[in-house]
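Notes follow the structure.
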């Protein structure tokens, strides 16, 4: 996917050029893992044109494998991002309908080959949101991954603007999540997707306390008993320029709260959650499977 | 439509930013006419998002009226342009399927209102190439324009890559052109659209002599007897950096050849034909309807 | 007017290029109103050269009417702005003497035509500061506006560096303000122009409390009894990168305090007051003339 | 003087930034001489503000002495330059009226001190074109220079747009040139200033042959018998992107023609004549006063 | 190696930023081959710092394998390039002494592993020019390559400024070239390295005819009888902005001349020879080993 | 020295260009002093190539004398700087080994000539850290300076990454400092160089109180009894975007604490200490030698 942003803090109406980066939720996680030194492949569908090639090249530069990317379809998905500043939030204009990925169909990716020799498969809730085809391919992927013994992780990544192909996240995600070992979400995802809400929390009002998310984790674990690890990122949006960042980790009944970081001068908000997932997977790969040492978030035990 | 180009002579694979301008065949002509001091409106369909707004604002800055632009549809059409250089030609990646304009339907634009008080309607062959809807709206427009007494001009503007919705230019354009008073084309358009070819010319080999195009004009005039004026631009492509530029003009049986200009250091090739049309319409509006004074191209009488 | 700024936080001595925007107090308000969806014209005098044309085009892109701009004079006014940062304040070098606007004279603008069909006229104290001519044209304008029944608003906008043509703000502004229905100023303007100062306030020391400005409003209302609305913006300058922003509103005896906003990462300080005025006029146009519903600032009633 | 240019080949109407360089005819010559390794000072008047300081700093970086620059006046002179391309010529918008230099008066520069220890004084016809004051200061300078025994050179540099203060070049320049040892001009200057025209030449039509300029030199030498050296640059303007460049040299009756250079891909046209003068003065300083070895242009003897 | 260039046609003295690309003779060929679709690895030594990593990432984006790059040494080699324009040539400031590559020593690269599974090894004369170490590693490489049955190609690439470590090209290259199957050079390389000069040619004067290079090929083939293919590129330097480009090909006694291309608007001169080599190797790999079909240059048979 | 930085907050791996400034500890102080209006020369060794020239030109623009800079050596020292942001610190890649300055030797600079007419010599601990040669030249300089009666000041400027030529700062600096009248350091320098540490302070943990530095000053004064003034800057690193800044001043037994400034939106961290030194020297030059009026830091007396 191509992200196009007016330079700096320019508005869309002022822009005479757009900064370009290629990426997206899963690609960002792949780059993060490659940066951590893991061997990782990114699997997607890109159009057979110069932009598809540029996207492939962009991701490859970070050492992510691109050999399993399939080519075809009409166009590369695009989204336009206007950076926010202080009281003015960021604005996103999605232009990813009809993309190569949106028009993917089961069978186009040979998951058996993709997963041969692999130990982990990560996907996000953005993918099944795009189209019936992506949802079907997701199901195909998680089933194959599970059957081949891979660890499967999912970032719920709920995007209200994307779920427009006929089914809701609540209808689609449960079947997919049932194949996963690890679930990750932000402070709102479990609510938006499964209706599981932290008690006494009011995210819209900026109240993001870690404690109440133990309940969210436990409810998720109850509904999806195969989940071994649940991580929830907690972003407090003080302004577009200033966020706080923390998270909680639930592992087989144990619950840990992370430190809260003060992000006082945000350069680029997008992909923060993906970087978190990259670190989490790297940690789980490196230190696991002994989940009794939650190395990532165990800086502070909850009171 | 949004045009995105890598800076300077960068390739798509090198670009980390894209220069952005909003325009297209008809919009370019409108801006040219406004620059010449005429009162002009641009009519199109733009999506109801920030990019649609940015496009409207961009065109408005040149003094073109935008009040008749309708809003709706999914996305703004985009095309990516990599500038050529010497032996390397320019590359275009179209991404305009499913655009607001591509999904327009008859009735969305109230042509009666649009044309009230207007004296001239100009359209190009790019529009009906996009979709069945644009072709139908084109027909709707030229019929209304003609019935309301406007002068109608058409730039054939054949784009092979665009005609993909089921009918060919040869099937669609004749009915539309039948409502026109003025036809403009480049050295290949009449051939590609109507199969009318300059004798002894070999455009692909760069041989672009003016003389043989008298035959093309006469054939067009025979087939479309309502045409009062036919202009054909003659671009010789020595390289991506160096073109020649000339044209011929046919008016009610008279035939004139223009001077040949040497474009030795091309800055931006796109829109050259549109600028020609802008000048032609301006001239016809300013000096006409006495077509006996072909002010534009009469620098040199053919031998 | 053309604003030229070194890129980012560069000093004048480092700049090898200048970012260019065209605007100024009144133009900014006009753009703000157009953004709010109101029909608005900007009236000024621009030189008959390419820069005057570029300025006109720049403002027109935002949907502001430019048909009443007159052309003539020697040059376009310029000001150079070096952005401040933290402890280092912004620097302005004015270069607007001898501009087309500075050399305007009564009669050059046909205010009767300009105001036909209009309901509101807004001007700022920057205009009469420039020259005897601009002051005379201002008087001409407010008189005509009042006589034709328009609502007239004035932003006092005191600029010490500008008042250099022979008369002081205190000598010129009273006659002009007497034709106004609405007066707007910042925390210092009433003091600098009319000698009306908030008691116990020390703006230079950064103490900007809302309460004492009730007195300023009441004194203004007493001196200019035709004023129906008085708004005072209250900017606290913690640093060049961090301001607070609030305001008070006085309406026919009622006094309201606004919320105080924390502007923690300033992108561009210039025009903040103009944006406030744009919002205020929009609100008054949209919700008025029932001034009993001060929709803008009534977030918090003063104790 | 500050030169502001839209980036690349952008038009004024497209520019959202301007490239900035500080310079001008005399400053360019000074920088050229410093590049050649000579010790040189630039004398002018700059305003006492940040732009004046930036200008001084800019020139100083090239090793030109700036200690004799006086400070004062209202503003820094500006000119806006839109680069041409092929058939489209460059456009200049002068904004140098009321500049620090334009408002200079005799006595402001202590020429006696300036010239102490100096051997050469160069000035151009741009300076007396600006105002009565600059013309008077020029006279003051050449008189002092001559009386102190300096070699004095003048580039006629006729600028039609500048001579607007009441007297014409033809009225002012003769008295000034009478103090000069060396005169330099382009293919049109002698005609425009003194009415001395190369026979059979038609500069406007691009016919710039060297031969006829012997007559121009001889006429100049007859009218100004103290002239020892006369150089005329011959630029052929094939297009804005392509010029030819040559020159002739007259020395005490001898006449030499230079090679003709083909400038096929012009980067920046402005200052070409100044660079020529820099080379000429460097040559005269280095190889002279034996004028029998015209090292600069003696590549080819005229037939 | 990192190349740093002032933007556009700026001089070193004007640059406030440098455009950065990573590459060099061999890396350019590798990227060219990857662009042609071949599987290729680039082998070098890069420092263990962020710049070494950035260089690796840059090359990897084009699909070139980087797994055999070894890490170590002090610094990344740099060269600064000022682009020429017309009569002003490009300027290069080398800063590659003490680089990771310059301090390489035999044994650091395990050529046996590198060449396992490979069919072709290409190197250039730049490498042994850098240091005694690079020359020794080159010898190590060609010996191993030959012993493992790879085709070995060499671009003579003589760089006078680089050969400074004690031995001359003439002393070092013969031993290395003796292991090669294919030799490539430009119009001067054979002369500078082996003293073999095209008769009647005067490269410095811009006379670059193809015919005389048959003699050069034959002399090279006589001296290095194992050479199967010899290609010589023929660049005519009309100016820094305009070159001609052609070449000759000698294959087992047959001699072919290529078409001559007119490079009229040069964007970036550097790497032209490398691109030629990329095309040549691609062609030899794709169509060979039947050398009777010289697909590349056989557009025109010499008279 | 040339500093190359990716634009804005880009990482090294993202950079396709580098912003360039020339400077370094001593050069920064020189520019600061010139900005304060003092006459100052910068003495160093630069290579005899275009980059050395560009560096000289860059410094000269600020009015710093460059006549005593000697030319020679292999290369210009470079360092690459990636700007930090919030929790991510800045990264520096030094590439200054083998620079013209690193290979300087005693005798290359004629200090007697340099110091003639001078009153002050300032150097920093960066210089002797580079090589045995720079250390020897430093000793040569301070000895000459002292013998000629100059005031000598030293900024300890400890850089762990630089001291790599065989001797440690602790071995080299004492002899050099013994010739100094004024010593300046940051919160860690005295500890790193002389092992003198503020009691109860833990700089790594961000605890930077002024009080304990009285002890550091007194210990330094005891060890180097000729020191008349000691200044220590106290930077608190809250994040890469937010620092605090303060300092203490010891003068002949008196101890003063400075105000603490909150640097909330850091633009460029590098050179802050040099700017402090510039202000200090300016103050000492302007108000001294009466050290009883510590004008700089005497805003607040310690409790």
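Chains: A, B, C, D, E and F, in written order; residue numbering restarts at 1 for each.
The working rule: a contact is a pair of C-beta atoms (placed from the backbone, for glycine too) under 8 Å apart; a residue touches a chain by one contact, two chains touch by 3 or more.
On a predicted model such as this, the values are computed, not experimentally measured, just so you know.
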Is the contact between copies chain A and chain E built from the same residues on both sides or from different ones, judged by whether over half of the numbers are shared? same
Sharing more than half its contact pairs with D-E, counted by residue number, which one of B-E, D-F or E-F qualifies? B-E
Whole-Å gap separating chain B and chain D, where each centre is the average of the chain's CA atoms: 46
Distance from the mean Cα position of chain D to that of chain A, given in whole angstrom: 64
Touching two or more other chains - residues of chain D: 13, 16, 57, 62, 265
Chain F residues within the chain C interface of the complex: 62, 261, 263-267
Chain D contact footprint on chain E (complex, rising order): 8-9, 13, 85-87, 239, 241-242, 265
For chain C, which residues are in contact with chain B within the complex? 57-58, 60-63
Residue ranges of chain B in contact with chain A within the complex: 4, 7, 12-13, 15-21, 49-51, 53-54, 57, 74-76, 78, 80, 82, 91, 93, 95, 97-98
